[in-house]
Amino acid sequence: MLQLQKVSYAYETERILSDLTTTFRERTVYSILGKSGCGKTTLLKLASGLLTPTNGHIMYDKQSLRHPDASFSYMFQNPNLLPWQTVLQNVCMPFVIRHRKDAMLEKRALHLLSQMGIGALAERYPDELSGGQRSRVALCRALMTNPRVLFLDEPFSALDVMTKEQLQDDLVALVQEREMTVIFITHDIEEAIIIADEIRVMEAGRFIYEEQNPLREQIVRRDTEQALSYKRLLRSVLEGAYA
Amino acid sequence: MRKYMFHFAFFILLIWLWHRASLSMSELVLPSPLVVGSVFVDGWTSGYFWPHVSRTLREIVYGLSIGTVFGLGLGIMMGESRMMRQFLQPYIIMSQAVPKLALAPLFILWFGFGMTSKVVITALVCFFPILENTLRAMHQVKREQIELFKMMQASRFQILMRLKIPNGIPHIMSGFRVSVILAVVGAVVGEFIGANEGLGALIIASQGTMNTPLMFAVLINLTLLGMMLYGLVHMIETYGLRRYLRRE
Amino acid sequence: ACSQQKEEQEVEKENATENKQIRMASWSQPITEQTNILADEETKFFKNEGFDLEFIPGAGGGDAIKNILANNADIAFTDAGSYFNALNQGEDLVAIYNIYPQNVFNVVTKEDSGIERPEDLKGKTIGVYSLASGTRENLLILLHEAGLTEDDVTIVETGLLNFAPLMQGQVDATAATDTGLHIGKQKGLDDYKVFEVKDYLNFSSDLFVVTREYYEENEALLKDFLRAYRSSAEWMMENPQEAAQLAKTYAIDGQDIEQNEAIIDIRNRSSQQSKAEHPLGYIDLEEMQHAIDVYEQLGLIENKIEIEQYVTNDLLP
Amino acid sequence: MRKYMFHFAFFILLIWLWHRASLSMSELVLPSPLVVGSVFVDGWTSGYFWPHVSRTLREIVYGLSIGTVFGLGLGIMMGESRMMRQFLQPYIIMSQAVPKLALAPLFILWFGFGMTSKVVITALVCFFPILENTLRAMHQVKREQIELFKMMQASRFQILMRLKIPNGIPHIMSGFRVSVILAVVGAVVGEFIGANEGLGALIIASQGTMNTPLMFAVLINLTLLGMMLYGLVHMIETYGLRRYLRRE
Amino acid sequence: MLQLQKVSYAYETERILSDLTTTFRERTVYSILGKSGCGKTTLLKLASGLLTPTNGHIMYDKQSLRHPDASFSYMFQNPNLLPWQTVLQNVCMPFVIRHRKDAMLEKRALHLLSQMGIGALAERYPDELSGGQRSRVALCRALMTNPRVLFLDEPFSALDVMTKEQLQDDLVALVQEREMTVIFITHDIEEAIIIADEIRVMEAGRFIYEEQNPLREQIVRRDTEQALSYKRLLRSVLEGAYA
């Protein structure tokens, strides 16, 4: 569905991706692991149409992708909230922009916020939130639109274990219900395994590992031998990348 | 409370210094604050000032409104388009660097003797700070915020209205504050040219008869007018725009 | 002892004459018609009297008077109207020299305007340079002499380019000065008709004015100054062409020598006395009293002023 | 390239329109661009303009320098202290709302009729936008950045110099751009009051002799002066201050 | 050494801490765990003198603490870099401020940056860095000054496993060498165990768990039974907090 064909990208001087060719399939959850600075965010912005490749093409449903598609939703690595809007206004923003603000909207937004444990903060401004609260608002905003492809750049990294696990479960449920494609950047191997259908490891702008995920959450969280050994495998892949 | 006492004391001191200075000088050059004060009070109680103040105030309001619309509009256009910026800049600098006083006959020719020419001059004088600040404010948006809006399928116009302008409000308001005061100056300069009503006309008239106390009373009116308008902008900012001053 | 004291006085006078600073506040910038003052580096009328003359520019006759009152200057080159206004405000000023005894103001209409006499101005629109200028005051004088008042006409401010609206038909008449009219002619004003205000009320256009205090303390110096000025005025009358040449260097508006000559010629004429028996610079008291009375009748000033108290011809050389 | 062609074509069109308009109008009101052009060229080749331009330019440079120092200084003080803000504001508004033209003899009294009074007027006219923008820029710092500096034991002065000012540069520069152009106007207005030299004096003189072509040529000089100074500021910004335009 | 005595804090309306009394001892590393929004950052800002308690006192070496002490260093939850300064300039900033910039400084800064794997980025500006790179720059800046008390607010949350582990080890070594007190906020239980001498769990502005750390890194990373069971313990404490 979403195809990168020989995509290269360079920031001014530095080349980040070169000749990357890969496909993201429909109704699949991808976890992307990789060393800090290897190009994950850059890849996500390219795949979502926010950046234009210096070379190569990106195809979405057989069409060349030039701008972010309306069926996309993206959560940035830093929360990127509008400081002059309340939490609720921030979350409703995608609908305001698309002129699809209806009566139900605020209710739905409040429901989503409560689900993430920040329902009480709807009328606060972003500068009155803690770090983890901000990132949850950003996640809410990304989830509001029922996207077909959801791009998430380290959505849970500022959250405590309990909140994180709950949101991971919520996300898994949501994805199954709505049949989205999710491209999910994380530094947490366990998280990657819990969420993904397919796990990819990036190094220096290439994927050095792309495999189906053999396990899923129930198994992983119980720290079974299976889970531990798969985690060790991924670690060694990452270590290899690191060496 | 003590603070206000201090301000007040300083004000009194200044008045006293003015008074002292006026003693050693002709009333034609620097009239005493007592004389000016009494002219000021007389002017208001007799109703002499009112039509002039009202006229000037109307010119300011109209001129400032037009200037704001143009300042914002052109600032946005020039902020959005490099081409527009390069294209319009020389003409805008011309409109500012050329003293309006020198073009009086042309203004009168084009806009008549009435209020229009004064309003036009006021607008011309006051639109530039808004333009300049708006233009720069357009460029002060974070890259990722633009990306966010692109992701949300925002049109260029929406990015403008929902991101660039709200984000630029503190910056734009600085320009507006300057413009409010320039509008006062603009209206008065406009009235220097050919008016029989308005505080500027009153200044000219007072100069013609060398009635310096009257001129100073008019200048006090102007200062009060400026302070009033500035205070109004301050109120708009504190009550209407506070959220835009928040930083994440 | 007596002779020594006298010697000291002599020395003092010597010193005084060696660098007599004098600051003259003008109603204008250094313009062509004042070349006799401006070109002193060449002509040396003031230099030779021991003067170091400083020209302080202004924007109107009011500035000139305010500048002497503020002690920015010693002597004012100002118009009679401003002088009257200052007296009306209670200032104690002394007029010591009649620079232009002739009234230089006029009212100009188009030939085909149907205005034959000042009386015909009734109901017309008339342009003045500024509501604070001599053009307005002198227009009112003309109307007064014709039995009209301000309410009988519409006065509009047209700025310095007052002939343009006349030529384009926006006003029926415009109030101006003689030099202004000359330039207007140069710029294409034709088929016009002039009412010279001096034909109805002639009085001084510009005077040298000082404060009484300065007058009392510097009589001798002022005498010297006036002598120098009169010589320079005579020189300009006798050498208009040379003056026109010098104006190019010394006057801010003197680029066009031909025009300079015409302007200087006009000013030379307005420097002349109407009565041959009066020397250059002489102020005709009766004429002045009459003028200021007209000002009062017109409501331009409120107080009755005995001009005699404020005018002297004693310093004339 | 094509873009410049378009700009140029538009410019030519404007000149042509001006020419057309001038045909139906007295040279007194609107001289033809051809006449103005030839006066402009003559004025420069004969050296007539140079002393006036040079004089005005010096006034602008001095006035702008002083205005910048005061604008920055007061802007910082008022930005840092609410008390200062409340205290000085009325006087600053007064200094702006009162037309300088009306106070000529006082300016001459205090600063002489030479260049000083013009420099003072220029400074007075142009310091306000810098002040206003600096004042507001002081408040545009993120709370956590201040905290960072407090943690580093930064003094108030260091927070100012190392954080608030660098952070506010885009904002402050908007004010400076406005001020540069106002300085041109200020110098000319200063010369209107009474000057023997300078472009403002030349405008008055040209009006006195109804030499409208000369006046227009002077206005062109002013426009060019304004554009030159504005371009200079632009260069300073692009080459010297680019890093301060970066957003995290 | 650093004592909070009946400290309360409220943001405008909301009370975050009430009557918190606790001590941080010399040469000790504290890990603070807790639900997102429970007040960890607020506590850190209070303890470092950045915020002033609405009630109660904070004592540092028997003195009342009113401003951040010169011997403190603080790394904020978001990198908080100055956009107009290069990486190197940002890192050297604390010395510029204290007028102690010397010839060795840049060398030391470059060394520290290299150690964190971002030595090549010294001349970049913050907007040219990835998320994890920015947080490492901020960490460098905090470490430059040899503080006596180091406050770290989730320093490693934006980093990949490998980089994180390396920096954890570096931090442990540094702390042992320099004998600092470290107060370390994290959401990663494993990380807390690896680094801390004492572990604290916060809930609604109080500490509900304050204990010596029975384990240290060598044991934890190998996922020994010991480690797993201690992790489970902490989890249950956190879960309790969550319930």
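Each chain gets a letter, A, B, C, D and E, in the order it is written, and its residues are counted from 1.
Here, a residue touches a chain if its C-beta (ideal position, glycine included) is under 8 Å from a C-beta of that chain, and two chains touch if they have at least 3 such contacts.
Protein names from UniProt, one per chain: A, E = ATP-binding cassette domain-containing protein; B, D = ABC transporter permease.
Keep in mind it's a predicted model, so treat the numbers as computed, not measured.
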{"item": "Chains in simultaneous contact with chain A and chain B (ABC transporter permease)", "value": "none"}
{"item": "Joint neighbours of chain D (ABC transporter permease) and chain C, given as chain labels", "value": "B"}
{"item": "Of B-C and D-E, whichever chain pair has more C-beta contact pairs", "value": "B-C"}
{"item": "Mean-CA-position distance for chain E and chain B (ABC transporter permease) (Å)", "value": "51"}
{"item": "Mean-CA-position distance for chain E and chain D (ABC transporter permease) (Å)", "value": "50"}
{"item": "Chain C and chain E: spacing of chain centres that average the CA atoms, whole Å", "value": "84"}
{"item": "Geometric centre distance via CA averages, chain D (ABC transporter permease)-chain B (ABC transporter permease), whole Å", "value": "16"}
{"item": "Sites on chain C at which at least two other chains make contact", "value": "66, 69-70, 159-161, 164, 168"}
{"item": "Multi-chain contact sites of chain A, meaning residues that touch two or more partners", "value": "78, 127"}
{"item": "Set of chain B (ABC transporter permease) residues in contact with two or more other chains", "value": "29-30, 105, 109, 142-143, 207, 247-248"}
{"item": "Contacting chain pairs - touch in the sense defined above", "value": "A-B, A-E, B-C, B-D, C-D, D-E"}
{"item": "Of all residues in chain C, those that touch chain B (ABC transporter permease) in their complex", "value": "60, 62, 65-66, 69-70, 82, 85-86, 88-91, 130-133, 136, 156-161, 164-165, 168, 170, 300-301"}
{"item": "Contact footprint of chain D (ABC transporter permease) on chain C as seen in their complex", "value": "28-32, 55-59, 63, 66-67, 69-72, 159-161, 163-164, 167-168, 180, 183-184, 187-188, 252-253, 255, 259"}
{"item": "Sites on chain D (ABC transporter permease) touched by chain E in the complex", "value": "142, 144-145, 147-154, 158, 162-163, 166-167, 169, 243-244, 246-248"}
{"item": "Of all residues in chain B (ABC transporter permease), those that touch chain D (ABC transporter permease) in their complex", "value": "3, 6-7, 10, 29-30, 83, 86-87, 89-90, 93-94, 96-99, 101-102, 105-106, 109, 128-129, 132-133, 135-137, 139-143, 170-171, 173-175, 177-178, 181-182, 184-185, 188-189, 192, 200, 203, 207, 215, 219, 222-223, 225-227, 230, 245, 247-248"}
{"item": "Residues of chain A that touch chain B (ABC transporter permease) when the two form their complex", "value": "45, 48-50, 67-68, 70, 72-74, 76, 78-85, 93-94, 96-98, 125-127"}
